[in-house]
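In what follows, structures are represented as structure tokens.
Two complexes, one shared chain (chain A), two partners (chain B, chain C).
Up next is the complex of A and B:
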């Protein structure tokens, strides 16, 4: 309890320091800022090594486009992980929603916008349905989220294969496929615009609404939340439903973008999204995380793969580097948590190791 | 703390500066040395590695450079970002094995829109007209070759069946129908049709044991890939019919050659991936030099048996895992 006595002093130090460091300091303190730095360093390295190829409008556009569907999934996943949960089923739910949307659109047999809109709604509802199932099983039946979503991962994929016989469907109306693949004004891909809208809405809900506040409350301390009037079970169901909804939307986008249900190609989507969310600074223990961090965290694997291909480096290396970044991100999170517990505000533990005594040694 | 801030500010300034100056110099010349890029359907697969070897050998001979990058699974969602990165690297021509006829159409068209020539190798697209040339095995001919191999092993005739992977794959569908069409031309043989095992040896074994229950007089099985052949052989062994039922596999990856050596399968129909690659390079370079090209090229097959496996021609037909 000695740390309590010294706490007022250290926090006073903190604010004084903050004033001195000004805007830059405060920006860097924000969660996700460190990961922006990592992304910036990666971009700089590739830009220096392949100056005429890496930062071309085409390459920037397609890299962002390739990350867009993951970003939609990442929004829902961030909410789930902020509650301290996990959703392994997103890739399968994405496939299932795409399959059902495709079947419905094929049955209606028209190529127009009417059919496309029905398909979009059906896809989103399918995702919402799986999300609700996940949420009810986690919140009411008290089955651990890892197991619930591992189960629905298999079920959603299994049903998709039963319905299709394992063969990818391609019955997307031309208007939908062409508009999702096209670019607005020749530069901004429609897919990216849709993802951007989802990301902004997600960020507003998480950071600016009561719903978002309750999501953090459930993740930080569910019991405390319950005692202050948060309906924890209902909140959890809503959060998993939201993750399902984003997976459903992603399913329709994926179907329209690839003109195929890509049944075989989504087996690692869940892990890629979780990695992006965690790299982006969302704590697997719940209670902390930002949508902005998630988006940046998802870009790191995309940019690495893109850069390695351009440089002609074996793209197997991408997995190695992403793995290392992932571990570093979780290490940072752990360090930040233990530092917060002891009243310090060290934000760059890996730098402070080499700094002049700014590392806080915690007596135990 | 102050110093740390300065370091970070410096890094950020460096990032902005570097990105600003390099984006300014993004225009590239058109008439440099010829650079080819090869995008296989999946990396590390012996079929595509052999094709890559053929491509590299031919590129070396013609004095052009070639790089290879591919997805880690045979899937359009993974191949698209790789292809887009390859396009960003601005090669003169791309040799690609599209992982999906419709899903890869738009991404490949991005290459032609960026003035990069495209040659399709092995697999094809919904609309292959955007490519300079499309080169692949004559798959229905491959099915016919498999039947010819069975006929050679069992000249007396009888019932035959096919164990294939999944329905809806253009190449394997063509092989299966090529096989059954060839069976129809010979009245001594009866075709029991195609069964699918979803790439599971266990399912293939179940299929084969139940077919052998229903038709104990099966003499030949055409197994479309490695696991189909493995499962078919297990099924035949479970039924106690080894030696009586001949199994012909497709492709000649090292594992399949091991199957041939150990007598699990009696013949293999090998494609010629190295030749597909060589033809691909020839077509790409010809089109870049403004010479005439061939829109569609079909390559042949080599039938491997224990008898010809150790001949130079037999050894050359085995797929490679490294160049």
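Up next is the complex of A and C:
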């Protein structure tokens, strides 16, 4: 009703305008390149300031390893944000999945692979369950994603604390902890290899399959998707379920890597992941974004943190710089978007009722 | 035979009676123009007939059989396509992805089952459809959002024309277009109808209506108030019917 009732403004189209828009399109596509450039500049600066310490194999390995769990979460988060949604619950779901996996493995009381595999599956299923709950509430009950996932953030963390009494559990079978902590060929951490596999699979699904296409379509113009036969609600549920699944897997990895459920240590995980996804060029308005950008976007805070520590700068500065980069990234996205829409007012879709951009002004 | 018919459709939004027992017919191979003042119920009628919304009462008959158009997808499965005023395009996707959205060609065999699409086939199909329309969609890989109004309209119209096999609805298809593109759309309307498709278009442009329509149906206050053959009416009569100065059918 809303969209059809409005009259189309006639957009006169001279050749100059066409050219400008072509240029805009090209810049948009080059956005992935920009963020790589930012990361490269940061790396070069640190490499010059601390030549003997920064670009060492050990330091590179540590940085990559520290980013691995965030990257797993970032894959699911990218899908969610591409739909125009948000998932604040990932950190708590990670903890919850770790707690349940730990409890199950402890109850089985064995140190072998059998118990470990059960633990991995249970952890992933816990994440999937929370993701499905998020998805159903967003898609069917039409509660804004911000509120739904803020609610499940509290619930998942609360349940974790109820189950554990607030005391971290440490019942990871040795084989699981050792293998996640080990390094393949002495250089590539297993944790990173797992994250890399998740990233590659995520990128293929998002960029090469119909599932990925529908994810973009829902974020771009959900109403158009609905009218052309895309099952918008079902797609949203699947996307939130996927984000939950990656959070569940991250929970198991986190548990195995730290040999702890880290109940108190994940309060900012969601925001760090969202920051990485957004810095990586995924639009909070939905419809645009890449997994590759997310990975780069997650590395920027990690590298800054690492570099500041090496340089002896108070590492609190990292938060300041990341905050500024985040705002700049969103400003650029907003600028690009409003330019593409002829300056129509912008509205964050995850605050709207449908949470999938269905109320957005359809650009013409 | 009447291809698509509506009898006594009514729809109320809150206190607003958008449709108050509207009738409608279109035959195969016929071009019907739907005209009326703003708020006369043209767009609402099209939304009922394209499955976007459900009427409160009244019935819809497709080829003489009573039909329920539960959703746009259901209407499309029956061969009814619609170009909405807002075009219903996903701005971040490219023309090919928009063209095939919801109807992707999948790769054969296992790859297709895993969700991989046959982009080459879809690109070829899109190219053919755009050429047929004479749409100036040069870049098939750029996002639709970055295109001009005319190009977007071209994509939306070509999409509907490529899939339709019974009735096509065009809600203000020329409103955002330049002279050449308007000519293309009017030609397209003629071409599509010559293939036995029923074409229904809403327009405020009387010259376009007079030029391309076989029949002209006038709406006012949620009802059909008059139907004319394009050959034996004139502008004054149409405007008279729209404003209520002339009344042909008993309301």
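Simple rule for what comes next: the second predicted complex is superposed on the first by the 307 of 364 C-alpha atoms of A that agree within 3 Å, B and C clash if a C-alpha of one lies under 4 Å from a C-alpha of the other, contacts with A are read in each partner's own complex, and residues count from 1 in each chain.
The working rule: contacts are C-beta pairs under 8 Å (C-beta built on N, C-alpha and C of every residue); 3 or more make two chains touch, one makes a residue touch a chain.
Worth saying up front: this structure is predicted, and the values here are computed from it rather than measured.
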item	value
Chain B versus chain C as contact partner of A:210, first or second or both or neither	second
Which of chain B and chain C A:187 touches, first, second, both or neither	neither
Touching partner for A:54 - first (chain B), second (chain C), both, neither	first
Which superposed partner A:315 touches (first chain B, second chain C, both, neither)	first
First, second, both or neither for A:166, with chain B first and chain C second	first
Chain A positions touched by chain B in one structure and by chain C in the second	17, 21, 24-25, 28
Contacting residues of chain B [partner chain A, same complex]	1-5, 7-9, 11-12, 14-15, 18-19, 21-23, 25-28, 43, 67, 69-70, 72-78, 80-82, 84-90, 100, 102-103, 105-106, 110, 114, 166-168, 198
Chain A contact footprint on chain C (complex, rising order)	13, 43, 47, 52-53, 72-73, 76, 82, 84-93, 97-98, 101-104, 106, 114-117, 139, 142-143, 145-150, 152, 171-172, 175-176, 178
Chain C contact footprint on chain A (complex, rising order)	1, 3-13, 17-18, 21-22, 24-25, 28, 205, 208-211, 213, 216-217, 219-221, 223-230, 287-288, 340-341, 362-364
Residue ranges of chain A touching chain B (in the complex, touch as defined)	17, 20-21, 24-25, 28, 37, 40-41, 43-44, 47-48, 50-59, 62-63, 65-66, 165-168, 170, 181, 254, 258-260, 262, 264-267, 302, 305-307, 309-310, 312, 315-316, 348, 351, 355, 358
